[in-house]
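Please go over the structures that come below.
The following pair of complexes shares a single chain, chain A, combined with chain B in the former and chain C in the latter.
Entry: the complex of A and B
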């Protein structure tokens, strides 16, 4: 050990003396004053510029640059010239500490909230009961577009959730080997059906955009809490909730489509950071869409009597139309809706004249 | 138990790519995959340096953390290995790895990358030591034979060192003292932070 220290001391001494006598040093490297200025500028290493004929000694800045992801030239390997990809650690932390953790909690919270809503509010029944008379709400092309999107959405949601939460939720239950089979199928399915989502999205936007623009009546609908808080809230073909859902699907759907395509064809991006960001964005968009979809599915099936008809047969009971989309009913049938709850409501003065007879008019 | 580590001495690496070749040959690594690569900095300019990089077998390995099927495991020697039977080829390990170590057999449209392949520190995989399946999937298990990784053994300038982290760092330290300068053990602060050695 003492010998080592002695050698070290000698070298340190030599290092200090060397700059004083540059010409005496024997070195195969070019003289210090020849090109050092260039390197100094290029890699920002203060030490190199000095007349040190050992060439390079402390290259701390240089190595720090590398740690932060400076590029070199790769002569072998498929992963390119980057020596250290510093964002990888960040990506790992965002994924593990936020995305996976909170997406699970968000979905669990949404499910609990829907269950609570069901327990407290119960099923929204038709106050007047079914009349047996129907009017057409969605044509076959509308329903086809809806169910095409619904099938792909459910497939992508389930496969995506398997990949996102499987390690946390499924592996402890079914084990790694079984889960790996599910995960592999989920990934292949997700990648294969992903592009169809774009087809479904474009088709859906095309079919449903009419009537989904916000109007004044939507503001009134919001102020009345969508009719959940008591007084009836008038709505046209689509109420504010449905319009909001439509635009969420449009905006989030486009984000999902773009990030999904980047991940689908990774060689097009050729940028690891873009891929990392895409995965994060894709997961956040997915959780937003799935959360809203859960609410949409609830209200379209269990949550509201008569609502599902519009997407199965396409024909809804006139009572349902009057109770939930009165303005649309009036527009389609040309008949006013008598709504006892709305009477005396200043926001809908025309209601005052609605005759009781119109309610029993056949459509 | 020893903590296995790689160390590449940039002052010695001459960019001969022997490590890459030796690795490919030893493990019969498939076409298009290099488990190790050599990166040159300031190529053709004064101050040119090269480094040989492969999986560093990180202490708190990012690949292990993000793999959706949890197919990685770390041996008692600190070697990070994975199970190709579980791997679904999602590429997440590659997104997280600081050293670009995970490699994939296919370029991949529609996410089809194939099973991930990476440096095993010549320690094979979960199959029985020296079995035909182990060799086919992961290459030779030199560690089980009592040997160290072929890349370091083959390195003509001994720039690339592999083995017990303490011994490796001692050798490097002696070199640094001997030549009066050193750049620090490249990549160690990222790969082995929780080991407290650098």
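Entry: the complex of A and C
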């Protein structure tokens, strides 16, 4: 009876195991000697594999060397003799974990700070109100150079931000398929307008460099916080903030121009690393310029009464000139601005006085 | 039928018809007005004055050079750039061949028409900046001028954004603006592209007949 049970149990076991047999044959488990198969390879002068199982090299060393971009393991056109350009991973991480992540935050922070400044400080109004008399601040070529740069800058900023932040910001909203259209358009636009930025930059430097060198009066301007939060800060044709913005445009603009040309014409780069560095530098420069430009746009439009006139008509109100650029006003008219803070009540006689000046126009 | 097929098919042919008929109608209207008969004895040839008046306007006046150099450079940059761009860009030649007259001519290499586009963009931006920045230009400009400038800019911009030719949506956007531009053209100051020789010639004839030095 027991033997019958044993035979029955064995039969049942056999029935259970039989279907698994083909599966076992398909197992992904490698054969016992698989580790040593196919690795009898020569890496440099070192023999590895079955004949040198405890040698000076191993499979992990091989991949580590490959991973770290050791020369001679394989060939690839642009990277010379390397199969993997190890710095590429660092570049990818820097771009993804720092540049893309923080550039969005930097821009958002700048916008919030400007909004807060507007809410706290409000619009900077002319204390004496508009006098109705104007003085020429920028010529037509100056204004054309400025707006030419501004137009190109806006086009490049929008297309550049689509390329830099699009995957993070736009893809979740519009999807990958639609974003690919935006990305294609942005890339073509960015590449076309990029060289025009260099033309605009050279023209801007040529037109605006005069008067933008730093002087001692700029130090006083800084110590007074530019007059934004405290007492009046005297300034010439350009104050420290405007000079700083000009030199930021010059320095960052030149860096952007050089790195941009390398990216647009990759054959200019001797190696891939230069392209990677260019992308990082280009992105950082772009964020710095766009951030500063937001401040520039704010103070030139919403933030300060009368400021925009200098770049639309080219003429500014004499009260604006006295209150914000008193030293320039004195230089142009030859008249002393006694106390720019107290111009309000004294503006009437002063207006009569300055009306004889040829530089001043009644409007 | 896709949007692209509509914009470069039926809508395009409607737009071209409006463009051609409208432009002929405008030019005919100007010619039909005619000139008031001048009964004074001519001191020189009016026909020579017509030609001279046209040619002389291509050159800047020396006494105004300092005031006008920016928009003269911008004007030439825009108009020549746009002409090269429209006529010699390979995608345009292919479009003309496929949709209009079935003939081809040599195209500029890609870098050539990119440079032409850059000249055109630079010129157009400078001309528009002058329109709102120059006190006189601002006074004599109205919505028609600004719409014309912006439509032209958008046609060029959407064309440049579609350069990769990888998405029908971008090409369709470009074609839509081309169609709008063609329809708007005869009814706007964009017509100056076809009437400038008449106005310059009229001035040249008047002055030429009087024997004035153009």
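Going forward, the second predicted complex is superposed on the first by the 259 of 363 C-alpha atoms of A that agree within 3 Å, B and C clash if a C-alpha of one lies under 4 Å from a C-alpha of the other, contacts with A are read in each partner's own complex, and residues count from 1 in each chain.
Note that in this section a contact is a pair of C-beta atoms (placed from the backbone, for glycine too) under 8 Å apart; a residue touches a chain by one contact, two chains touch by 3 or more.
Remember, it's a predicted structure, so these values are computed and weren't measured experimentally.
**Q** Chain A residues in contact: does chain B have more, or chain C?
**A** B
**Q** After the superposition on A, what does A:180 contact: first (chain B), second (chain C), both or neither?
**A** Touch partners of A:180: chain B and chain C.
**Q** Go through the superposed model and pick first if A:192 touches only chain B, second if only chain C, both, or neither.
**A** both
**Q** Touch check for A:144: first (chain B), second (chain C), both, or neither?
**A** After superposing on A, A:144 lies in contact with chain C but is clear of chain B.
**Q** Please work out whether A:312 is in contact with chain B alone, chain C alone, both, or neither, and reply first, second, both or neither.
**A** In the superposition, A:312 touches chain C alone.
**Q** Touch test for A:86: chain B only (first), chain C only (second), both, or neither?
**A** In the superposed model, A:86 contacts chain B only, not chain C.
**Q** Residue overlap on chain A between the chain B contact set and the chain C contact set?
**A** The answer is residues 180, 184, 187-188, 192 of chain A.
**Q** What residues on chain A touch chain B, complex-wise?
**A** By the definition above, chain A touches chain B via 4, 7-8, 11-12, 14-15, 29-30, 35-36, 38-39, 42-43, 48, 54-60, 62-63, 66-67, 70, 72-86, 88-89, 91-92, 95-96, 163-164, 166-167, 171, 176-177, 179-180, 183-184, 187-188, 190-192, 263-267, 272, 275-276, 279.
**Q** Contact residues on chain A for chain C in the complex?
**A** Contacts found on chain A: 140-141, 143-144, 147-148, 151-152, 180-181, 184-189, 192-193, 195-196, 199, 311-314.
**Q** In the complex, go through chain B and note every residue touching chain A.
**A** Residues 15, 17, 20, 32-34, 36-43, 45-47, 51, 53, 62, 65-71, 85-92, 94-101, 103-104, 107-112, 174, 177-181, 183-184, 186-187, 189-190.
**Q** So in the complex, which bits of chain C are touching chain A?
**A** Chain C residues touching chain A: 67, 70, 114, 117-118, 121-122, 125-126, 129-130, 132-135, 157, 160-164, 166-167, 169-170.
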